[in-house]
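Have a look at this one before I ask anything.
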Amino acid sequence: MSFQYPEEKLIKLLTERVLKVRNDTIEICRPLKTEDYVLQVSDFASPAKWHLGHTSWFFETFILKEFYPEYKEFDSKFGFVFNSYYLSAGEKVARDKRGNISRPTVKEVYEYRDYVDKHLLKLTEFQIDDSNLKRLKYLLEIGLNHEQQHQELLYMDIKYSFFYNPLKPVFDSKSKVDEPDFNNEEVVEWISMEEGVYDIGHSGNQFCYDNELEKHKVYLNDFQISSALVTNKDFAEFISEGGYKNFVHWHDEGWKWVQENNIEAPLYWIKERNGWFQFTLQGIHPILPNDKLKHISYYEASAFASWKGLRLPTEFEWEAASGKFKKGSHWEWTNSAYLPYPGFKIAKGALGEYNGKFMINQMVLRGASKFTPEGHSRDTYRNFFHPYLSWQMSGIRLAK
Amino acid sequence: MSFQYPEEKLIKLLTERVLKVRNDTIEICRPLKTEDYVLQVSDFASPAKWHLGHTSWFFETFILKEFYPEYKEFDSKFGFVFNSYYLSAGEKVARDKRGNISRPTVKEVYEYRDYVDKHLLKLTEFQIDDSNLKRLKYLLEIGLNHEQQHQELLYMDIKYSFFYNPLKPVFDSKSKVDEPDFNNEEVVEWISMEEGVYDIGHSGNQFCYDNELEKHKVYLNDFQISSALVTNKDFAEFISEGGYKNFVHWHDEGWKWVQENNIEAPLYWIKERNGWFQFTLQGIHPILPNDKLKHISYYEASAFASWKGLRLPTEFEWEAASGKFKKGSHWEWTNSAYLPYPGFKIAKGALGEYNGKFMINQMVLRGASKFTPEGHSRDTYRNFFHPYLSWQMSGIRLAK
Amino acid sequence: MSFQYPEEKLIKLLTERVLKVRNDTIEICRPLKTEDYVLQVSDFASPAKWHLGHTSWFFETFILKEFYPEYKEFDSKFGFVFNSYYLSAGEKVARDKRGNISRPTVKEVYEYRDYVDKHLLKLTEFQIDDSNLKRLKYLLEIGLNHEQQHQELLYMDIKYSFFYNPLKPVFDSKSKVDEPDFNNEEVVEWISMEEGVYDIGHSGNQFCYDNELEKHKVYLNDFQISSALVTNKDFAEFISEGGYKNFVHWHDEGWKWVQENNIEAPLYWIKERNGWFQFTLQGIHPILPNDKLKHISYYEASAFASWKGLRLPTEFEWEAASGKFKKGSHWEWTNSAYLPYPGFKIAKGALGEYNGKFMINQMVLRGASKFTPEGHSRDTYRNFFHPYLSWQMSGIRLAK
Amino acid sequence: MSFQYPEEKLIKLLTERVLKVRNDTIEICRPLKTEDYVLQVSDFASPAKWHLGHTSWFFETFILKEFYPEYKEFDSKFGFVFNSYYLSAGEKVARDKRGNISRPTVKEVYEYRDYVDKHLLKLTEFQIDDSNLKRLKYLLEIGLNHEQQHQELLYMDIKYSFFYNPLKPVFDSKSKVDEPDFNNEEVVEWISMEEGVYDIGHSGNQFCYDNELEKHKVYLNDFQISSALVTNKDFAEFISEGGYKNFVHWHDEGWKWVQENNIEAPLYWIKERNGWFQFTLQGIHPILPNDKLKHISYYEASAFASWKGLRLPTEFEWEAASGKFKKGSHWEWTNSAYLPYPGFKIAKGALGEYNGKFMINQMVLRGASKFTPEGHSRDTYRNFFHPYLSWQMSGIRLAK
């Protein structure tokens, strides 16, 4: 997580980037009713209220407590409620019980945000020496990126909890981040890449996560990668030809997942007498055939590729070819497990828990989705999820 | 559930009793914040919002739809959300998922109540023939009693969900229904009852539930029953002498329950370095030794009785002796399983599901608690819970 | 469990009754292959090997260790393996893990039986004073009855484990205890009983269990009880008319049991294209319409009775009327919960765990089945099982 | 799974290799009692009887049914009982229920083996054309390797089931495959490897599995790998310095695994008052400090490496350096996920299910263990297990 940032003034970093991102979080939540903030319908999701509190707690704990002279916590018990997996930062509420806590109220959580933001802004008024200033900027950058990740999670978790309600409420009928795409069919081409050694990983002095480092060489065979993502029409064919009923395309664990959960279509697809529909943040609308398939698990992505006689690209193939294709609107599953790059080092202290501890049993996704905040991702960015999950906005790009 | 009600005018029944009880429900909820209404922290509890909606749905479904000419439902989808176990009245949300539903909002649920109440009041404006009027009054009486049961559940569920929050919030610092009792030690006496045939069950023309009928004869041996409930001091002794560590006092299933859940004290007891405390709707306060023990499971009640070399009374002993002792402030576990009386008949239709379907694996409690609405219980009233439950305000009266 | 036994000589008691019963256990197991002895296909069943070892351990622990001078245990580790719920008698293997233990081998367990039997027989050679002799006879009687209970469990567990095998092996093609009954249809009559006080419970100086005491008076209303058990034909009608699909006949928990386990017919009924068949210890044979229905859970028995507009008798009604009807060939579910009689006392020590600790969440069955050893049951005998269980040979006698 | 085998005569292949391996399986089982063959103490293990039947079923199904004219199955129902994950080859008994089946008996399973072996030998008597002969030899080679894998599983499963027995029986006091190593401390060195492109994967015309292909190039950075495996003494230090109590060394899922299962030492380590002991197929013996650590999960291996400030090698590093170090006596965890090599192709038909379907959520192990049959493994061999498993004989080789 070390990076060389440009010579950016603290005041500019705070006002033009950090507080702007902080405000974006509030904007995302604007259509929510108070009751919506409390829901946790699965252990992999969190209540909106928790995201709001947790991101504030992050700035308070890792920045204000270190840099703000005689900082007074907003509420000393909030750490217990809003800590997540930072075990080194103290006890916490069990991950699957966050939806059982009604207090602090939404109003109090917004007051907490406000309190933290005001104190962040005041940081410019203190004398901070160069070495500390560098560290402060570094931590602000982390906090900003951390907040952006929770913005994406907010969309994911809100969508999932609204879907769970049998009344299927509409979040925001004008939501730009989850709208149907009425475009025509796209011409799909195979992009050819040559065998050889490629540079993989982040370089340059912009921010990146520790898991994108060290930059290193990877040897790739000849391969071809599709210029476009798989569409709803493509996947509807997989369904109608019995893709979910035939084990030969599935991993052993994928097949078990299909059987035990009676999976018959992607998450958010709803079968009505008059065809397939899709639940979105704008409400329910018909499946558009040329729209790109989204909310797909790795198991489904892999089975689909196998059914086509093709495969998913590795994350290295994806990164090597990324300059040659148009970026999709969803995260793209790769066939790479989430593992450390050569030379990967875990940072000291609580922030060191950020990435390395998740490097088991997860698969890498590349790209970015419409839920991803502007400027958050990049070609070397490594997103990761367990293979059975699909509440993230994930799609499929094929390779061979 | 048949009863001869006194000649009560419909308008009086509605305004002086039904709508008064309806309003009491709102009063109970007054200290809640919007977020509090959504919580369901266990599958045996329900969100406050659900109780409010369900009791309104009950009047709408079983009364307004039948008696209000051309009645227009407030929202046709509410039946799905607010139905409970009335399987004959249509599909419903799974019992353990009620806390995952944020919409309708609390405000909408209050509007629903208001809508239902206004229509109930208007029932007086229609011409209703005698036979229908009789049935209407009967159903209103059921609705009123049903609402009172949910008032008690509201207190139980609110207390349980607040306890679950690690911040242990205070519901109402002046709550009368869950306050410590600073009384002096009570003199406890054994009341002797003679062997013979006793009348058991409800008679007279006041309302009662179907499970209190038919009135019938029961033969009882000589027995003695305590004049008072067991106190905190009594039970603290059981704990300190290893009552929770010694299987000999426990039922086989009770012992398993203790082991698997690491039970070491009654629900709501909190051990601090300076002694035992108790969580209440007023907040946390020290255990008062002369206060009556409450929130005890049947397993604990039975183990305690066995440890004392005594036993719990049967529900028949309790009822036969009930005129001789001062009523306690909690429900009192009996050693009777919840089973039908001779001649018990299940009513036709959805209301018939009310009681009979629960007559398995539950134990009877008699009396009433501070959570019970004034006038709801009586000496023949049969409350019932599974033996492992203790979120109801239950205590112990011993017999021998 | 106190009783006045007739003046029976120790040698006679041992040779003519105890060792005879001990030998019957071996006869029951004769058709088993070594592999069959190890199976435990459910946590409520036990391996045949365990039954053989446990019954021997019972005699060794409660009799030989007390009465045989300087008795030397066959193997000091067997107590750990063959103890059941006698928590006071030391640690034990978890109930649901008994099938995971291959050693001691079947051969060793038979050697253990032989060792114990030989030492039991030698008890006649020692000088035992009157008071001890009385206690010894009492314990032998308990051991004998305990062994008989395990004989019935052996049949139940063997049948259940053979059914579990997809190859549906035949236990014994000539087994008398589970053969089809080719009798003609029986004339069924209603036996009328008059309201009044009846004596319930065991009296006389023959052996009985503690749960049959004290003899006490019970007041019964007028009732009628069927002269015969429900037949397969009766129940087939219940099935074909949708009995398993209609919640109105079921307890709430019974309905959940039906749903969660997809129950569509009694245990051991197998639907083939050409009709219903039944798995028995003799193998698979067609359902005979006039044969008495067996292996039915309490939930099913109760739902069937409700569907007929009738009910199950209480255990008191059953006992009061038992002289008036022909005994069935199966245990008969009653609508009584298994609870203590007035004056019930738990014996001191490990044997006191025998019955009282199970007096929760179980329903009483009366009568006896073809799996029950000759002479083991009587009209006051109280068998009991959880309402969802049906691997015992249980049937239905109706009342109204 | 394609390979160029040397010009080996069928008769020689059958008698000198296939039937020899088949016989080795029987030798492994020789110390077992009949009862031992039935046990399945975990869903990841299988009964010995099942391994014996399954390996015979494999030869019968994929070879005899294709090549033996008018082959008559030993028993047509065995396919149901002895199939494993070959979904294309028909229905099968659920994986976690294999221990619930006592028939066919052990004797019958041995007769089945004998029947299959006799028919295999007779294959030499038939006229088989060249192309078929090639395929037959290929399938025999697969069957042989498949049987060897089950030989290793037999040792693993037997050890695990004997450990589960509270009596801790001895399998074979002279077992060579699980004996303590009394050697002196080994000098450990760091072997240095240079950055560059390395060839990975199998080449040559000897047998290999499909997952070892295609041979391809991998770019490796400079790295160092230990000349020897981690010892018991090394790991005892990790324990005594609180390695199992400190989350910082663990993956998030590893830490959860430690917490939920109360892991405090490697599988088979037993703490006694006088120190650590180890359960082996020879019985229980003291932990020898210089003996190589074995039966370790990936989570533990990774946490140990992190605690040392080191790491596990990737499978590519391991293979590239494998010529430079002495092979250990256990499988060695790598930090590589089990994923397909470039150009990996799944074979058509049931045999195609062999490897590819497991390529998710598993980590690669390299080397071989004392449980591995002579000649079964090679430097390109890729073994794989879920990260929480440790009943395989796995150890740790460190890298940096």
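Residue numbering begins at 1 within each chain, and the chains themselves are lettered A, B, C and D in the order written.
By definition in this document, a contact is a pair of C-beta atoms (placed from the backbone, for glycine too) under 8 Å apart; a residue touches a chain by one contact, two chains touch by 3 or more.
Just so it is clear, the structure is predicted and the values come from calculations on it, not from any experiment.
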With centres defined as the mean of C-alpha atoms, identify the chain lying farthest from subunit A. C
Chain centre separation (subunit B, subunit C; CA means) in Å: 37
Report the inter-centroid distance (CA atoms only) between subunit B and subunit D in whole Å. 59
Which parts of subunit A, given as residue numbers and ranges, touch two or more other chains? none
Classify the inter-chain contact topology: is it line, ring, star, complete, or other? ring
All pairs of touching chains? A-B, A-D, B-C, C-D
Complex contact set, residues of subunit B against subunit C: 85, 87-88, 197, 216-221, 223, 247-248, 250-255, 298-299, 302, 311, 335-337, 339-340, 342-343, 346, 352-353, 357-361, 363, 387
Can you check the complex and tell me which residues of subunit D touch subunit C? 33-41, 49, 77, 80-81, 93, 97, 99-106, 161, 164-167, 169
